[in-house]
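Shown next, in C-alpha coordinates, is the structure this report addresses.
As written, the chain order gives the labels A, B, C and D, with residue 1 at the start of each chain.
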Amino acid sequence: METPIYQLEFKVRDYECDLQGIVNNANYQHYYEHTRHEFLLEHAVGFDEMHQQGIDFVVARVEINFKTPLHSKDTFLSTLNLHHDGIRYCFHQKIYRLPDMKLCNIAHVDCVILDNGKLVPNCPIVDELMVSLQK
Amino acid sequence: METPIYQLEFKVRDYECDLQGIVNNANYQHYYEHTRHEFLLEHAVGFDEMHQQGIDFVVARVEINFKTPLHSKDTFLSTLNLHHDGIRYCFHQKIYRLPDMKLCNIAHVDCVILDNGKLVPNCPIVDELMVSLQK
Amino acid sequence: METPIYQLEFKVRDYECDLQGIVNNANYQHYYEHTRHEFLLEHAVGFDEMHQQGIDFVVARVEINFKTPLHSKDTFLSTLNLHHDGIRYCFHQKIYRLPDMKLCNIAHVDCVILDNGKLVPNCPIVDELMVSLQK
Amino acid sequence: METPIYQLEFKVRDYECDLQGIVNNANYQHYYEHTRHEFLLEHAVGFDEMHQQGIDFVVARVEINFKTPLHSKDTFLSTLNLHHDGIRYCFHQKIYRLPDMKLCNIAHVDCVILDNGKLVPNCPIVDELMVSLQK
(Lines give C-alpha, C1' and ligand atoms only; values in the text may rest on other atoms or scores of the structure.)
Protein backbone atom coordinates (compact mmCIF):
# COMPACT_ATOMS: atom_id res chain seq x y z
CA MET A 1 0.00 0.00 0.00
CA GLU A 2 1.21 3.44 -0.96
CA THR A 3 1.85 5.79 1.98
CA PRO A 4 -0.63 8.68 1.83
CA ILE A 5 0.83 12.18 1.43
CA TYR A 6 -2.03 13.66 3.43
CA GLN A 7 -4.69 12.49 5.86
CA LEU A 8 -7.52 14.15 7.74
CA GLU A 9 -9.73 12.90 10.56
CA PHE A 10 -13.51 13.41 10.51
CA LYS A 11 -16.53 12.49 12.60
CA VAL A 12 -19.88 11.57 11.05
CA ARG A 13 -22.56 14.20 11.68
CA ASP A 14 -26.09 12.87 12.15
CA TYR A 15 -27.56 15.06 9.38
CA GLU A 16 -25.28 13.21 6.94
CA CYS A 17 -27.12 9.94 7.64
CA ASP A 18 -30.22 9.07 5.66
CA LEU A 19 -33.30 7.02 6.46
CA GLN A 20 -31.27 3.80 6.12
CA GLY A 21 -29.32 4.98 9.19
CA ILE A 22 -26.03 5.17 7.26
CA VAL A 23 -24.10 8.04 5.73
CA ASN A 24 -25.74 9.00 2.43
CA ASN A 25 -23.46 8.20 -0.53
CA ALA A 26 -23.23 11.75 -1.81
CA ASN A 27 -21.63 12.83 1.47
CA TYR A 28 -18.52 10.80 0.70
CA GLN A 29 -17.89 13.14 -2.22
CA HIS A 30 -18.12 15.97 0.30
CA TYR A 31 -15.62 14.28 2.63
CA TYR A 32 -13.24 13.64 -0.26
CA GLU A 33 -13.58 17.19 -1.59
CA HIS A 34 -12.90 18.69 1.84
CA THR A 35 -9.83 16.45 2.17
CA ARG A 36 -8.48 17.64 -1.21
CA HIS A 37 -9.08 21.29 -0.35
CA GLU A 38 -7.46 20.96 3.09
CA PHE A 39 -4.48 19.22 1.51
CA LEU A 40 -4.07 22.05 -1.01
CA LEU A 41 -4.57 24.64 1.71
CA GLU A 42 -1.84 23.08 3.86
CA HIS A 43 0.43 23.85 0.92
CA ALA A 44 -0.88 27.42 0.66
CA VAL A 45 -3.17 26.70 -2.32
CA GLY A 46 -6.58 28.18 -1.52
CA PHE A 47 -9.51 26.88 -3.58
CA ASP A 48 -11.52 30.11 -3.30
CA GLU A 49 -8.50 32.37 -3.93
CA MET A 50 -7.62 30.37 -7.05
CA HIS A 51 -11.25 30.79 -8.18
CA GLN A 52 -11.02 34.57 -7.68
CA GLN A 53 -7.89 34.56 -9.88
CA GLY A 54 -9.80 32.70 -12.60
CA ILE A 55 -8.20 29.30 -11.91
CA ASP A 56 -10.65 26.50 -11.18
CA PHE A 57 -9.93 22.95 -10.11
CA VAL A 58 -12.78 21.03 -11.72
CA VAL A 59 -13.65 17.36 -11.17
CA ALA A 60 -13.70 15.53 -14.53
CA ARG A 61 -14.35 12.04 -13.24
CA VAL A 62 -15.10 10.42 -9.91
CA GLU A 63 -15.25 6.72 -9.10
CA ILE A 64 -16.08 5.44 -5.64
CA ASN A 65 -16.17 1.81 -4.54
CA PHE A 66 -18.17 1.34 -1.38
CA LYS A 67 -17.11 -1.45 1.00
CA THR A 68 -18.48 -0.70 4.46
CA PRO A 69 -20.95 2.03 5.39
CA LEU A 70 -20.30 4.62 8.09
CA HIS A 71 -22.87 5.17 10.83
CA SER A 72 -23.82 7.90 13.28
CA LYS A 73 -20.99 8.63 15.76
CA ASP A 74 -18.28 6.95 13.65
CA THR A 75 -14.95 8.71 13.32
CA PHE A 76 -12.85 8.06 10.25
CA LEU A 77 -9.60 8.84 8.49
CA SER A 78 -9.58 10.23 4.95
CA THR A 79 -6.27 9.67 3.12
CA LEU A 80 -4.96 11.10 -0.14
CA ASN A 81 -2.35 10.48 -2.83
CA LEU A 82 -1.83 12.51 -5.98
CA HIS A 83 -0.39 11.84 -9.45
CA HIS A 84 -0.25 13.96 -12.58
CA ASP A 85 -1.31 12.06 -15.69
CA GLY A 86 -1.54 14.10 -18.90
CA ILE A 87 -3.86 17.01 -18.18
CA ARG A 88 -5.39 15.24 -15.20
CA TYR A 89 -4.47 15.52 -11.54
CA CYS A 90 -5.48 12.10 -10.19
CA PHE A 91 -6.35 11.91 -6.52
CA HIS A 92 -6.36 8.45 -4.96
CA GLN A 93 -8.40 8.68 -1.81
CA LYS A 94 -9.55 6.25 0.85
CA ILE A 95 -11.72 6.40 3.92
CA TYR A 96 -10.95 4.16 6.92
CA ARG A 97 -13.21 3.78 9.93
CA LEU A 98 -11.51 4.50 13.26
CA PRO A 99 -10.17 3.01 15.41
CA ASP A 100 -10.24 -0.38 13.64
CA MET A 101 -8.97 1.02 10.28
CA LYS A 102 -11.65 -0.94 8.41
CA LEU A 103 -11.60 0.25 4.78
CA CYS A 104 -14.94 1.96 4.07
CA ASN A 105 -14.48 3.13 0.52
CA ILE A 106 -11.97 3.98 -2.18
CA ALA A 107 -12.18 6.90 -4.59
CA HIS A 108 -10.38 7.92 -7.75
CA VAL A 109 -11.00 11.56 -8.50
CA ASP A 110 -9.56 13.15 -11.64
CA CYS A 111 -9.39 16.93 -11.73
CA VAL A 112 -8.55 19.26 -14.58
CA ILE A 113 -7.61 22.92 -14.52
CA LEU A 114 -9.70 25.67 -16.09
CA ASP A 115 -8.07 29.07 -16.60
CA ASN A 116 -10.89 31.56 -17.09
CA GLY A 117 -13.05 28.73 -18.31
CA LYS A 118 -10.48 27.28 -20.77
CA LEU A 119 -8.90 23.87 -20.20
CA VAL A 120 -5.15 24.15 -19.53
CA PRO A 121 -2.68 21.26 -19.11
CA ASN A 122 -1.42 22.12 -15.67
CA CYS A 123 -1.42 24.43 -12.68
CA PRO A 124 2.15 25.65 -11.86
CA ILE A 125 1.45 26.11 -8.16
CA VAL A 126 0.22 22.51 -7.83
CA ASP A 127 3.17 21.21 -9.87
CA GLU A 128 5.61 22.94 -7.50
CA LEU A 129 3.75 21.43 -4.58
CA MET A 130 4.10 17.95 -6.11
CA VAL A 131 7.83 18.41 -6.74
CA SER A 132 8.36 19.54 -3.15
CA LEU A 133 6.51 16.45 -1.88
CA GLN A 134 8.79 14.10 -3.82
CA LYS A 135 11.89 15.40 -2.09
CA MET B 1 -55.51 33.95 5.95
CA GLU B 2 -53.63 36.16 3.56
CA THR B 3 -53.61 34.95 -0.05
CA PRO B 4 -50.07 34.04 -1.07
CA ILE B 5 -48.55 36.00 -3.94
CA TYR B 6 -46.52 32.98 -5.01
CA GLN B 7 -46.55 29.23 -4.52
CA LEU B 8 -44.40 26.35 -5.67
CA GLU B 9 -44.94 22.59 -5.50
CA PHE B 10 -42.16 20.23 -4.35
CA LYS B 11 -41.68 16.55 -3.68
CA VAL B 12 -39.54 15.24 -0.83
CA ARG B 13 -36.33 13.58 -2.02
CA ASP B 14 -35.13 10.62 0.07
CA TYR B 15 -31.68 12.11 0.66
CA GLU B 16 -33.40 14.99 2.47
CA CYS B 17 -34.67 12.59 5.15
CA ASP B 18 -32.48 11.78 8.14
CA LEU B 19 -32.19 8.73 10.36
CA GLN B 20 -35.48 9.66 12.08
CA GLY B 21 -37.14 9.00 8.71
CA ILE B 22 -38.35 12.59 8.38
CA VAL B 23 -37.09 15.57 6.41
CA ASN B 24 -34.10 17.06 8.26
CA ASN B 25 -34.92 20.53 9.62
CA ALA B 26 -32.21 22.34 7.70
CA ASN B 27 -33.80 21.27 4.42
CA TYR B 28 -36.84 23.45 5.08
CA GLN B 29 -34.52 26.47 4.83
CA HIS B 30 -33.50 25.08 1.44
CA TYR B 31 -37.12 24.70 0.34
CA TYR B 32 -37.93 28.23 1.51
CA GLU B 33 -34.83 29.69 -0.15
CA HIS B 34 -35.63 27.99 -3.45
CA THR B 35 -39.21 29.32 -3.24
CA ARG B 36 -37.96 32.89 -2.72
CA HIS B 37 -35.49 32.63 -5.59
CA GLU B 38 -38.09 31.17 -7.94
CA PHE B 39 -40.53 33.92 -6.97
CA LEU B 40 -37.92 36.58 -7.74
CA LEU B 41 -36.96 34.82 -10.94
CA GLU B 42 -40.58 34.76 -12.12
CA HIS B 43 -40.36 38.53 -11.91
CA ALA B 44 -37.07 38.61 -13.81
CA VAL B 45 -34.91 39.10 -10.70
CA GLY B 46 -32.08 36.56 -10.84
CA PHE B 47 -30.26 35.84 -7.59
CA ASP B 48 -26.96 34.99 -9.28
CA GLU B 49 -27.13 37.91 -11.75
CA MET B 50 -27.77 40.31 -8.88
CA HIS B 51 -24.74 38.81 -7.11
CA GLN B 52 -22.60 39.39 -10.20
CA GLN B 53 -23.72 43.04 -10.17
CA GLY B 54 -22.64 43.36 -6.53
CA ILE B 55 -26.19 43.22 -5.10
CA ASP B 56 -26.78 40.49 -2.54
CA PHE B 57 -30.01 39.44 -0.89
CA VAL B 58 -28.82 38.33 2.54
CA VAL B 59 -30.92 36.60 5.20
CA ALA B 60 -30.77 38.61 8.46
CA ARG B 61 -33.19 36.51 10.50
CA VAL B 62 -35.09 33.30 10.07
CA GLU B 63 -37.76 31.83 12.33
CA ILE B 64 -39.43 28.53 11.60
CA ASN B 65 -42.22 26.91 13.62
CA PHE B 66 -42.48 23.21 12.95
CA LYS B 67 -45.94 21.63 13.20
CA THR B 68 -45.94 18.37 11.21
CA PRO B 69 -42.94 16.64 9.69
CA LEU B 70 -42.71 15.67 6.03
CA HIS B 71 -41.78 12.10 5.08
CA SER B 72 -40.34 10.27 2.10
CA LYS B 73 -42.64 10.52 -0.96
CA ASP B 74 -44.64 13.49 0.38
CA THR B 75 -45.48 16.28 -2.00
CA PHE B 76 -46.03 19.75 -0.60
CA LEU B 77 -46.89 23.34 -1.44
CA SER B 78 -44.60 26.19 -0.43
CA THR B 79 -46.34 29.58 -0.29
CA LEU B 80 -44.95 33.10 0.01
CA ASN B 81 -45.96 36.63 0.96
CA LEU B 82 -43.71 39.67 1.09
CA HIS B 83 -43.70 42.97 2.98
CA HIS B 84 -41.15 45.76 3.18
CA ASP B 85 -40.50 46.91 6.75
CA GLY B 86 -37.73 49.50 7.19
CA ILE B 87 -34.63 48.05 5.60
CA ARG B 88 -36.01 44.52 5.79
CA TYR B 89 -37.83 42.56 3.14
CA CYS B 90 -40.00 40.20 5.22
CA PHE B 91 -41.00 36.94 3.61
CA HIS B 92 -43.90 35.09 5.21
CA GLN B 93 -43.69 31.52 4.06
CA LYS B 94 -45.62 28.33 4.74
CA ILE B 95 -45.35 24.71 3.75
CA TYR B 96 -48.50 22.60 3.36
CA ARG B 97 -48.49 18.86 2.79
CA LEU B 98 -50.42 17.75 -0.29
CA PRO B 99 -53.11 16.77 -0.97
CA ASP B 100 -54.62 17.28 2.52
CA MET B 101 -53.16 20.83 2.93
CA LYS B 102 -52.02 20.00 6.46
CA LEU B 103 -49.82 22.90 7.65
CA CYS B 104 -46.28 21.55 8.14
CA ASN B 105 -44.40 24.65 9.14
CA ILE B 106 -44.38 28.45 9.06
CA ALA B 107 -41.37 30.65 8.41
CA HIS B 108 -40.59 34.33 8.76
CA VAL B 109 -37.49 35.22 6.83
CA ASP B 110 -36.12 38.77 6.90
CA CYS B 111 -33.70 39.74 4.16
CA VAL B 112 -31.56 42.83 3.78
CA ILE B 113 -29.76 44.18 0.74
CA LEU B 114 -26.00 44.49 0.48
CA ASP B 115 -24.58 46.65 -2.33
CA ASN B 116 -20.93 45.64 -2.74
CA GLY B 117 -20.94 44.52 0.87
CA LYS B 118 -22.59 47.67 2.30
CA LEU B 119 -26.06 47.60 3.81
CA VAL B 120 -28.54 49.65 1.75
CA PRO B 121 -32.19 50.40 2.61
CA ASN B 122 -33.78 48.92 -0.47
CA CYS B 123 -33.45 47.25 -3.84
CA PRO B 124 -35.24 49.28 -6.57
CA ILE B 125 -35.95 46.25 -8.76
CA VAL B 126 -37.67 44.44 -5.87
CA ASP B 127 -39.61 47.58 -4.93
CA GLU B 128 -40.95 47.87 -8.50
CA LEU B 129 -41.91 44.22 -8.35
CA MET B 130 -43.85 44.83 -5.10
CA VAL B 131 -45.66 47.85 -6.55
CA SER B 132 -46.65 45.84 -9.62
CA LEU B 133 -48.03 43.05 -7.40
CA GLN B 134 -50.28 45.46 -5.49
CA LYS B 135 -52.07 46.56 -8.65
CA MET C 1 -28.03 5.43 -28.04
CA GLU C 2 -30.17 3.23 -25.87
CA THR C 3 -33.67 4.58 -25.21
CA PRO C 4 -34.02 5.37 -21.50
CA ILE C 5 -36.69 3.46 -19.59
CA TYR C 6 -37.26 6.40 -17.30
CA GLN C 7 -36.59 10.14 -17.26
CA LEU C 8 -37.23 12.96 -14.83
CA GLU C 9 -36.96 16.72 -15.22
CA PHE C 10 -35.25 18.89 -12.58
CA LYS C 11 -34.33 22.51 -12.06
CA VAL C 12 -31.09 23.58 -10.38
CA ARG C 13 -31.66 25.14 -6.96
CA ASP C 14 -29.26 27.94 -6.00
CA TYR C 15 -28.19 26.27 -2.74
CA GLU C 16 -26.83 23.40 -4.86
CA CYS C 17 -24.27 25.74 -6.46
CA ASP C 18 -20.94 26.32 -4.76
CA LEU C 19 -18.54 29.25 -4.72
CA GLN C 20 -17.43 28.41 -8.29
CA GLY C 21 -21.00 29.31 -9.34
CA ILE C 22 -21.70 25.79 -10.64
CA VAL C 23 -23.58 22.83 -9.18
CA ASN C 24 -21.33 21.12 -6.60
CA ASN C 25 -20.32 17.64 -7.78
CA ALA C 26 -21.85 15.78 -4.87
CA ASN C 27 -25.29 17.07 -5.86
CA TYR C 28 -25.24 15.00 -9.04
CA GLN C 29 -25.26 11.90 -6.85
CA HIS C 30 -28.37 13.37 -5.23
CA TYR C 31 -30.02 13.98 -8.59
CA TYR C 32 -29.18 10.46 -9.73
CA GLU C 33 -30.38 8.90 -6.47
CA HIS C 34 -33.68 10.78 -6.64
CA THR C 35 -34.12 9.64 -10.25
CA ARG C 36 -33.58 5.98 -9.25
CA HIS C 37 -36.00 6.24 -6.34
CA GLU C 38 -38.67 7.94 -8.45
CA PHE C 39 -38.24 5.27 -11.12
CA LEU C 40 -38.70 2.51 -8.54
CA LEU C 41 -41.62 4.36 -6.99
CA GLU C 42 -43.38 4.64 -10.34
CA HIS C 43 -43.32 0.84 -10.33
CA ALA C 44 -44.65 0.70 -6.77
CA VAL C 45 -41.26 -0.02 -5.19
CA GLY C 46 -40.83 2.38 -2.25
CA PHE C 47 -37.27 2.86 -0.98
CA ASP C 48 -38.35 3.61 2.60
CA GLU C 49 -40.96 0.82 2.70
CA MET C 50 -38.35 -1.68 1.49
CA HIS C 51 -36.04 -0.40 4.25
CA GLN C 52 -38.78 -0.95 6.85
CA GLN C 53 -39.11 -4.55 5.59
CA GLY C 54 -35.36 -5.07 6.02
CA ILE C 55 -34.53 -4.80 2.31
CA ASP C 56 -31.95 -2.15 1.42
CA PHE C 57 -30.81 -1.03 -1.99
CA VAL C 58 -27.17 -0.12 -1.35
CA VAL C 59 -24.80 1.60 -3.78
CA ALA C 60 -21.66 -0.55 -4.26
CA ARG C 61 -19.95 1.57 -6.90
CA VAL C 62 -20.52 4.90 -8.56
CA GLU C 63 -18.67 6.38 -11.51
CA ILE C 64 -19.49 9.81 -12.89
CA ASN C 65 -17.87 11.46 -15.91
CA PHE C 66 -18.40 15.20 -15.91
CA LYS C 67 -18.64 16.95 -19.30
CA THR C 68 -20.43 20.28 -18.83
CA PRO C 69 -21.36 21.92 -15.54
CA LEU C 70 -24.87 23.03 -14.66
CA HIS C 71 -25.49 26.59 -13.44
CA SER C 72 -28.08 28.46 -11.45
CA LYS C 73 -31.49 28.46 -13.20
CA ASP C 74 -30.64 25.55 -15.54
CA THR C 75 -33.28 22.90 -16.07
CA PHE C 76 -32.17 19.40 -16.99
CA LEU C 77 -33.33 15.91 -17.85
CA SER C 78 -32.09 12.90 -15.88
CA THR C 79 -32.42 9.60 -17.78
CA LEU C 80 -32.07 6.00 -16.60
CA ASN C 81 -31.47 2.49 -17.90
CA LEU C 82 -31.13 -0.66 -15.83
CA HIS C 83 -29.42 -4.03 -16.28
CA HIS C 84 -28.94 -6.97 -13.92
CA ASP C 85 -25.37 -8.28 -13.92
CA GLY C 86 -24.60 -11.01 -11.37
CA ILE C 87 -25.60 -9.65 -7.99
CA ARG C 88 -25.46 -6.06 -9.22
CA TYR C 89 -28.28 -3.90 -10.50
CA CYS C 90 -26.47 -1.55 -12.89
CA PHE C 91 -28.06 1.83 -13.47
CA HIS C 92 -26.85 3.75 -16.53
CA GLN C 93 -27.79 7.35 -15.97
CA LYS C 94 -27.27 10.59 -17.84
CA ILE C 95 -28.02 14.24 -17.26
CA TYR C 96 -28.82 16.51 -20.21
CA ARG C 97 -29.18 20.27 -19.96
CA LEU C 98 -32.48 21.61 -21.30
CA PRO C 99 -33.55 22.74 -23.77
CA ASP C 100 -30.40 22.16 -25.86
CA MET C 101 -29.94 18.52 -24.66
CA LYS C 102 -26.22 19.14 -24.09
CA LEU C 103 -24.83 16.10 -22.25
CA CYS C 104 -23.69 17.25 -18.78
CA ASN C 105 -22.55 14.01 -17.23
CA ILE C 106 -22.81 10.24 -17.35
CA ALA C 107 -23.07 7.91 -14.37
CA HIS C 108 -22.78 4.19 -13.82
CA VAL C 109 -24.23 3.24 -10.47
CA ASP C 110 -24.10 -0.38 -9.28
CA CYS C 111 -26.46 -1.34 -6.49
CA VAL C 112 -26.63 -4.53 -4.44
CA ILE C 113 -29.39 -5.82 -2.23
CA LEU C 114 -29.06 -6.31 1.52
CA ASP C 115 -31.70 -8.42 3.28
CA ASN C 116 -31.45 -7.58 6.98
CA GLY C 117 -27.84 -6.59 6.43
CA LYS C 118 -26.86 -9.72 4.46
CA LEU C 119 -25.94 -9.54 0.78
CA VAL C 120 -28.48 -11.39 -1.41
CA PRO C 121 -28.25 -11.99 -5.19
CA ASN C 122 -31.48 -10.31 -6.19
CA CYS C 123 -34.66 -8.52 -5.21
CA PRO C 124 -37.77 -10.33 -6.61
CA ILE C 125 -39.87 -7.18 -6.82
CA VAL C 126 -37.22 -5.41 -8.92
CA ASP C 127 -36.78 -8.50 -11.13
CA GLU C 128 -40.53 -8.56 -11.86
CA LEU C 129 -40.34 -4.87 -12.69
CA MET C 130 -37.50 -5.53 -15.16
CA VAL C 131 -39.38 -8.38 -16.83
CA SER C 132 -42.46 -6.21 -17.21
CA LEU C 133 -40.36 -3.45 -18.83
CA GLN C 134 -38.99 -5.82 -21.47
CA LYS C 135 -42.43 -6.69 -22.74
CA MET D 1 -23.05 36.79 29.11
CA GLU D 2 -23.98 33.35 30.28
CA THR D 3 -21.11 30.84 30.30
CA PRO D 4 -21.80 28.08 27.77
CA ILE D 5 -22.11 24.53 29.14
CA TYR D 6 -20.70 23.12 25.93
CA GLN D 7 -18.69 24.31 22.95
CA LEU D 8 -17.36 22.72 19.79
CA GLU D 9 -14.88 23.96 17.20
CA PHE D 10 -15.57 23.65 13.46
CA LYS D 11 -13.96 24.63 10.18
CA VAL D 12 -15.98 25.77 7.17
CA ARG D 13 -15.93 23.25 4.32
CA ASP D 14 -16.00 24.73 0.82
CA TYR D 15 -19.07 22.74 -0.26
CA GLU D 16 -21.00 24.58 2.48
CA CYS D 17 -20.45 27.91 0.68
CA ASP D 18 -22.87 29.03 -2.00
CA LEU D 19 -22.48 31.18 -5.11
CA GLN D 20 -22.33 34.30 -2.90
CA GLY D 21 -19.05 32.88 -1.54
CA ILE D 22 -20.41 32.63 2.02
CA VAL D 23 -21.74 29.72 4.06
CA ASN D 24 -25.31 29.01 2.94
CA ASN D 25 -27.81 29.80 5.70
CA ALA D 26 -29.21 26.30 6.00
CA ASN D 27 -25.79 24.99 6.99
CA TYR D 28 -25.92 26.90 10.27
CA GLN D 29 -28.83 24.65 11.27
CA HIS D 30 -26.51 21.74 10.51
CA TYR D 31 -23.73 23.20 12.65
CA TYR D 32 -26.15 23.84 15.50
CA GLU D 33 -27.70 20.37 15.24
CA HIS D 34 -24.29 18.70 15.27
CA THR D 35 -23.33 20.77 18.35
CA ARG D 36 -26.50 19.65 20.19
CA HIS D 37 -25.94 16.01 19.28
CA GLU D 38 -22.26 16.11 20.33
CA PHE D 39 -23.25 17.77 23.61
CA LEU D 40 -25.82 15.02 24.30
CA LEU D 41 -23.34 12.37 23.24
CA GLU D 42 -20.71 13.69 25.64
CA HIS D 43 -23.26 12.92 28.33
CA ALA D 44 -23.92 9.45 26.94
CA VAL D 45 -27.18 10.40 25.22
CA GLY D 46 -27.02 9.08 21.64
CA PHE D 47 -29.46 10.60 19.17
CA ASP D 48 -29.68 7.47 17.02
CA GLU D 49 -29.91 5.08 19.99
CA MET D 50 -32.75 7.16 21.44
CA HIS D 51 -34.47 6.97 18.04
CA GLN D 52 -34.12 3.17 18.03
CA GLN D 53 -35.79 3.12 21.46
CA GLY D 54 -38.70 5.18 20.11
CA ILE D 55 -37.59 8.46 21.71
CA ASP D 56 -37.12 11.36 19.32
CA PHE D 57 -35.77 14.80 19.99
CA VAL D 58 -37.73 16.94 17.53
CA VAL D 59 -37.15 20.62 16.75
CA ALA D 60 -40.36 22.58 17.32
CA ARG D 61 -39.03 26.06 16.63
CA VAL D 62 -35.81 27.57 15.41
CA GLU D 63 -34.85 31.24 15.29
CA ILE D 64 -31.51 32.40 13.94
CA ASN D 65 -30.25 35.99 13.82
CA PHE D 66 -27.45 36.41 11.34
CA LYS D 67 -24.81 39.06 12.13
CA THR D 68 -21.64 38.22 10.16
CA PRO D 69 -21.26 35.58 7.47
CA LEU D 70 -18.62 32.85 7.55
CA HIS D 71 -16.36 32.31 4.54
CA SER D 72 -14.23 29.55 3.08
CA LYS D 73 -11.39 28.57 5.43
CA ASP D 74 -12.94 30.20 8.53
CA THR D 75 -12.81 28.29 11.79
CA PHE D 76 -15.48 28.97 14.39
CA LEU D 77 -16.71 28.09 17.84
CA SER D 78 -20.26 26.86 18.39
CA THR D 79 -21.50 27.33 21.98
CA LEU D 80 -24.55 25.97 23.76
CA ASN D 81 -26.75 26.56 26.79
CA LEU D 82 -29.87 24.65 27.74
CA HIS D 83 -33.01 25.39 29.74
CA HIS D 84 -36.19 23.39 30.31
CA ASP D 85 -39.33 25.48 29.86
CA GLY D 86 -42.63 23.58 30.08
CA ILE D 87 -42.43 20.76 27.56
CA ARG D 88 -39.66 22.50 25.64
CA TYR D 89 -35.93 22.01 25.92
CA CYS D 90 -34.59 25.42 24.86
CA PHE D 91 -31.11 25.49 23.39
CA HIS D 92 -29.41 28.88 23.29
CA GLN D 93 -26.65 28.63 20.74
CA LYS D 94 -24.10 31.00 19.26
CA ILE D 95 -21.43 30.83 16.61
CA TYR D 96 -18.25 32.90 16.96
CA ARG D 97 -15.62 33.26 14.26
CA LEU D 98 -12.09 32.32 15.36
CA PRO D 99 -9.70 33.64 16.40
CA ASP D 100 -11.28 37.11 16.76
CA MET D 101 -14.45 35.80 18.50
CA LYS D 102 -16.64 37.97 16.25
CA LEU D 103 -20.27 36.92 16.84
CA CYS D 104 -21.59 35.42 13.60
CA ASN D 105 -25.08 34.37 14.58
CA ILE D 106 -27.36 33.50 17.48
CA ALA D 107 -29.91 30.71 17.56
CA HIS D 108 -32.78 29.73 19.81
CA VAL D 109 -33.81 26.15 19.15
CA ASP D 110 -36.74 24.63 21.03
CA CYS D 111 -36.98 20.85 21.05
CA VAL D 112 -39.78 18.60 22.25
CA ILE D 113 -39.74 14.90 23.01
CA LEU D 114 -41.76 12.33 21.08
CA ASP D 115 -42.18 8.87 22.64
CA ASN D 116 -43.24 6.55 19.83
CA GLY D 117 -44.66 9.54 18.01
CA LYS D 118 -46.59 10.96 21.01
CA LEU D 119 -45.60 14.25 22.63
CA VAL D 120 -44.35 13.75 26.20
CA PRO D 121 -43.40 16.50 28.69
CA ASN D 122 -39.82 15.44 29.31
CA CYS D 123 -37.00 13.01 28.75
CA PRO D 124 -35.68 11.58 32.07
CA ILE D 125 -32.16 11.01 30.76
CA VAL D 126 -31.85 14.63 29.64
CA ASP D 127 -33.31 15.88 32.95
CA GLU D 128 -30.68 13.92 34.88
CA LEU D 129 -28.02 15.41 32.63
CA MET D 130 -29.30 18.93 33.39
CA VAL D 131 -29.33 18.29 37.14
CA SER D 132 -25.77 16.99 37.00
CA LEU D 133 -24.66 20.12 35.12
CA GLN D 134 -26.07 22.43 37.80
CA LYS D 135 -23.92 20.91 40.52
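Throughout what follows, a contact is a pair of C-beta atoms (placed from the backbone, for glycine too) under 8 Å apart; a residue touches a chain by one contact, two chains touch by 3 or more.
Everything numeric in this text was worked out from a predicted model, so none of it was measured.
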Pair with more cross-chain C-beta pairs in contact, given B-C and B-D: B-D
Most widely separated chain from subunit D, with each centre as the mean of CA atoms: C
Intercentroid distance (Cα basis), subunit D paired with subunit B, Å: 23
Whole-Å separation of chain centres (CA-atom averages), subunit A against subunit B: 33
Centroid spacing, where centroids are CA-atom means, of subunit B and subunit C in whole angstrom: 28
Subunit B: positions in contact with at least two other chains: 14-15, 17, 19, 21, 24, 26, 30, 33, 47-48, 72
Interfacial residue positions of subunit A with respect to subunit D in the complex: 13-15, 17, 21, 30, 33-34, 37, 41, 46-48, 71-73
Residues of subunit D touching subunit B in the complex: 19-20, 24-27, 29-30, 33, 47-48, 51, 56, 58-66, 69
Touch list for subunit C against partner subunit D, complex: 14-15, 17-19, 21, 24, 26, 72
